[in-house]
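The structure's right below; bear with me while I get my questions together.
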Amino acid sequence: MNKIISMKEAIQEFVRDGATLAIEGFTGLICFAAAHEIIRQGRRDLTLCRMTPDLIYDQMVAAGTARKLIFSYLGNPGVGSLYAIRRAVEQGIPAPLEIEEYTHFGMIGRYIAGAARLPFFPLRSNTGSDLPAHNPAIRTVQSPYADGEVISVVPPLNPDVAILHAPRCDASGNTQVWGLVGMQKEVAFAADKVIVVVEEVVDERIIRSDPNRTLIPGLIVDAIVVEPYGAHPSYVQGYYDRDNAFYLEWGELSKDIEATNRWLEEWVYGVPDRAAYLKKLGEETLARLRPGQAPSEPVNYGVYA
Amino acid sequence: MTDHAYTASEMMIAVAARHLAGAQTAFVGVGIPNIACNLAIRTTNPNLALIYESGVYGAQPARLPLSIGDPTLVSGAAAVMPMADLFMYYLQGGLVDVAMLGAAQIDRFGNLNSTIVGTDYAHPKVRLPGSGGACEIAINARRILNITRLSKRTFVEKVDFLTSPGFLSGRAEREALGMPGDGPQAVITDKAVLDFDPETGEMRLAGLYPGVTVDDVRAGVGWDLRVAPELATVEPPTPEELRIMREELDPTGLYRA
Amino acid sequence: MTDHAYTASEMMIAVAARHLAGAQTAFVGVGIPNIACNLAIRTTNPNLALIYESGVYGAQPARLPLSIGDPTLVSGAAAVMPMADLFMYYLQGGLVDVAMLGAAQIDRFGNLNSTIVGTDYAHPKVRLPGSGGACEIAINARRILNITRLSKRTFVEKVDFLTSPGFLSGRAEREALGMPGDGPQAVITDKAVLDFDPETGEMRLAGLYPGVTVDDVRAGVGWDLRVAPELATVEPPTPEELRIMREELDPTGLYRA
Amino acid sequence: MNKIISMKEAIQEFVRDGATLAIEGFTGLICFAAAHEIIRQGRRDLTLCRMTPDLIYDQMVAAGTARKLIFSYLGNPGVGSLYAIRRAVEQGIPAPLEIEEYTHFGMIGRYIAGAARLPFFPLRSNTGSDLPAHNPAIRTVQSPYADGEVISVVPPLNPDVAILHAPRCDASGNTQVWGLVGMQKEVAFAADKVIVVVEEVVDERIIRSDPNRTLIPGLIVDAIVVEPYGAHPSYVQGYYDRDNAFYLEWGELSKDIEATNRWLEEWVYGVPDRAAYLKKLGEETLARLRPGQAPSEPVNYGVYA
């Protein structure tokens, strides 16, 4: 069975209106290519899950794809606010946005519980905070051991679809990640359907030369999309840098609703696919983002015949 | 032994391999289950993915492993992971279709004992290995195959110690506890295949091996074994199955006896 | 600015670095906390190990990172791990000695608000980023340093929304909840250092920067700020501290203002 | 601070009589060198924790070091029984051995809870089994969410000392593992003191060339012992094979108490340290166990300056 399909096909087949969707990746490995295709295909009423909604969900909310946001940190990392999401939350523009808010560790616990089919995950957080009063899904459990401690718990989160960017996988979807691995593994196991978007598909032999580096097994991967630079303006360790200039630029332009819409018009609706986006971005920008070589030292797995 | 003769182990392996048809993943131990999985990959189920308790997915061993932690399972595998991931995300996460379990005792409802012989836990007659992962496998894997030779010492009305739940006192009890897996599917023995009544969950004789009678089977079971309404005859290993086992999977005959 | 002059930011960074003396590990964000940690490594605490929320231990960044997820923090680090490990084993596991937190509001007992301005959660005047990891950091890190400029908008008697617990209504309440961390230790501002009464947990003026009066500080605090029995004067940045900041840590002056 | 010390020093300093000790490692990375030194130093009343007590604890129990065993699978993997432990449990020889028994996942949950300072860890196991009736530490908690499900829980396990074998670390103890990683990470974070025993100490530059491979940070490592072949007869992926012949041999000789004691006399008490053990084992055996080369393909981390 060939799992490798185009981004257009992947979004058409797996992301339905009203779906609960997680495009994860902490600072890096954020699949903007998928978000832009979802916007182009006009998806509506999505429930968007991410620890850090980042620019990717700011753009998706600005484009009207979302009904609800499940998150733990609503900022433009290192820059400031996410203005499109703030407009939706504060003023209902372009539409009201329901929010369900956790702490980082709370979101992590939700993904772990979802991946491990646990009814809840216990964690030392939330206690003393006002958050549980505004989110009834954050509850407590009493320890059955001597101290009888009361500990905070969060419920499982099982997205309908997870879209996860990664540097490389083989044709079966065995996916390897280095650099910040964030919550990619836990989200993949928690989701019903998994789309892996990679910089490159490599020979199975390369993946199998280092099985400890495989983070997501092909077993749970439903589709593979090959989309080089698909995480821009976020980054892929060793492939390209974070486009910090764009994060700063978005921090300014997104303050203005017209400028935001013009940007979407030009960079999302105005291009048919990622290849066209990259062409428009230009080789100069891509060259600026290309890092030098810092190869890992190999290890010996040994031949045991 | 002529070319057409075969051993009880070979029959058990062939039957187990046929039971793996249609499964996407198998949770596998070494020995007979390992050979059965690899026979299935070469016959009934080329896409079967093997998951080892030690934390290996998609192994391509270059030799027959002695233990589930053999380094030959690691080299060239698709993924190697912490055991925590294996138990939390693969097994409890519901990704294991079939698991094969053995035990020192199995009872009328497919419950397994691999903990003690005798009834005094603190002073056992024989101390067996215990659960390992068997208890959570029995609870979480979609279906369980048992591979066990018939004997009244093994097939007991009630296990001395319930290590790994089958249907407990019957399907109703297992269902009431909301266990994720469907429980035992079949017991593959050296004389017959046993299955479980779809209503009650009681073990019953489902298929006889060539030349075996119902009484032969009952002689190896410690309770009054019922017989399924449609008692089948199980086909012996095909020449091709035997060839693969003997030439490719177990050339030294370690598990043939 | 002459050689001996220094900015408020430089003073805050120098003071924060001194507070890191003796710590084995610091949980660190970018910006001023990042520079403070790196100044500490070059002055008071050469062995300080940095832990980033993004899952990096022992980073050796080749450039000043814009975010805690900057790829320069990964290349050459001692360890990079899943965020689950970071929160479960490092932070909740008790391995973080000091963490630096900022907030839009901080109250009399060191409680922090980074969630909303206004009191209606569903319709906030301003929607702030929320907790991120701040709530669990405030609960689990051994001690918390706050780095915040004085202003009545920020230093409020009671936070609009309690995102991250300080001493709640006082030390007794925090202790009754059995939180692993000891809570806020100091608030490093642009005019003074504030600490917390060892009995009640109430914030108080502990050290004045050169040329600052008690009234100057009180003008930036939204309640009747108490003064510690022994009010210290905080030493300005040394020439060496200034040199390291200006030449090594922030040569473009991004965080000098 | 120099963390590199001899095995003799490490055991003297960190393993006290009566301590709760975990020498973990699933099939591979089992530090027999440490066990033998503990036997030689005459430690007593230890509480030994391991998922699979394996030959290492069979030998330690035979030598009378243990008061109690916390475990989940009491077998000689792929071979059969652990006869010395069976003698202790069934007949109190050489001394009665208290046992505290879990399932594999139960032990894993205990280590995770210990490492994460959780009062308990929930898991879908134990239900319907007779084990909870014989181990009061296995309890249940009711989910506070809609289904109100009752789930099994286990308490944290925090050994006083963990001794963990690994292929390599740097001088600070940043430790990298490939092959089966078992529970090494969780045990390390759960223990009060951590001794890492490695095949080799490598330059920090090698470790830092591949930070995703670091399983145990130097931060929690109290001592480093350099002991090549220190895991024999278990194995280290890429360094040497499991000595299956010895596992089979022990399966026979350990049936007899005299033969067991003679073995201890010859191979443990009769040698002063690991170097002498290896010399006695002989180059021929070591050569037999040496695998061929199967290097991992390198990845690029990138220079971001």
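Here the chain labels run A, B, C and D in written order, and each chain numbers its own residues starting at 1.
The rule is short, and it goes like this: a contact is a pair of C-beta atoms (placed from the backbone, for glycine too) under 8 Å apart; a residue touches a chain by one contact, two chains touch by 3 or more.
Given the structure is predicted, the values throughout are model-derived calculations rather than measurements.
Identification of common neighbours of chain A and chain B yields D. The chain pair with more C-beta contacts between its two chains, of C-D and A-C, is A-C.
We define each chain's centre as the mean of its Cα atoms; on that basis chain C and chain D are separated by 40 Å.
Here the CA centre of chain B is 29 Å from the CA centre of chain D. Each chain gets a centre from the mean of its Cα atoms; for chain B and chain C, those two points are 58 Å apart. Annotation for chain B: residues touching 2 or more other chains are 56, 70-71, 74-76, 80-81, 92, 180. Taken residue by residue, chain D touches two or more other chains at 112, 117-118, 123-124, 149, 178-179, 181, 185-186, 209, 212, 237, 241, 291, 294, 301-305, whereas all remaining positions touch fewer.
Counting only pairs that meet the touch rule, the chains in contact are A-B, A-C, A-D, B-D, C-D.
Partner chain A is touched in their complex by these residues of chain B: 24-25, 49, 56-58, 60, 62-63, 70-72, 74-81, 85, 88-89, 92-95, 180. Of all the residues in chain B, the ones that touch chain D in their complex are 30-31, 53-56, 65-71, 74-76, 80-84, 87, 91-92, 115, 121, 123-136, 139-140, 161-165, 168, 173-174, 177-180.
On the chain D side of its complex with chain B, the touching residues are 26-28, 51-52, 71-75, 77-79, 81, 85-86, 89-90, 101-105, 108, 112, 123-131, 134, 149, 178-183, 185-186, 235, 237, 241-242, 244, 247, 291, 294.
Contact residues on chain D toward chain C in their complex (touch as defined above): 112, 115-118, 170, 172, 174, 185-186, 189, 204, 207-209, 211-212, 214, 217-220, 301-305.
Of all the residues in chain D, the ones that touch chain A in their complex are 117-124, 139-145, 147, 149, 151, 153, 155, 167, 176-179, 181, 206, 209-210, 212-213, 237-239, 241, 291-305.
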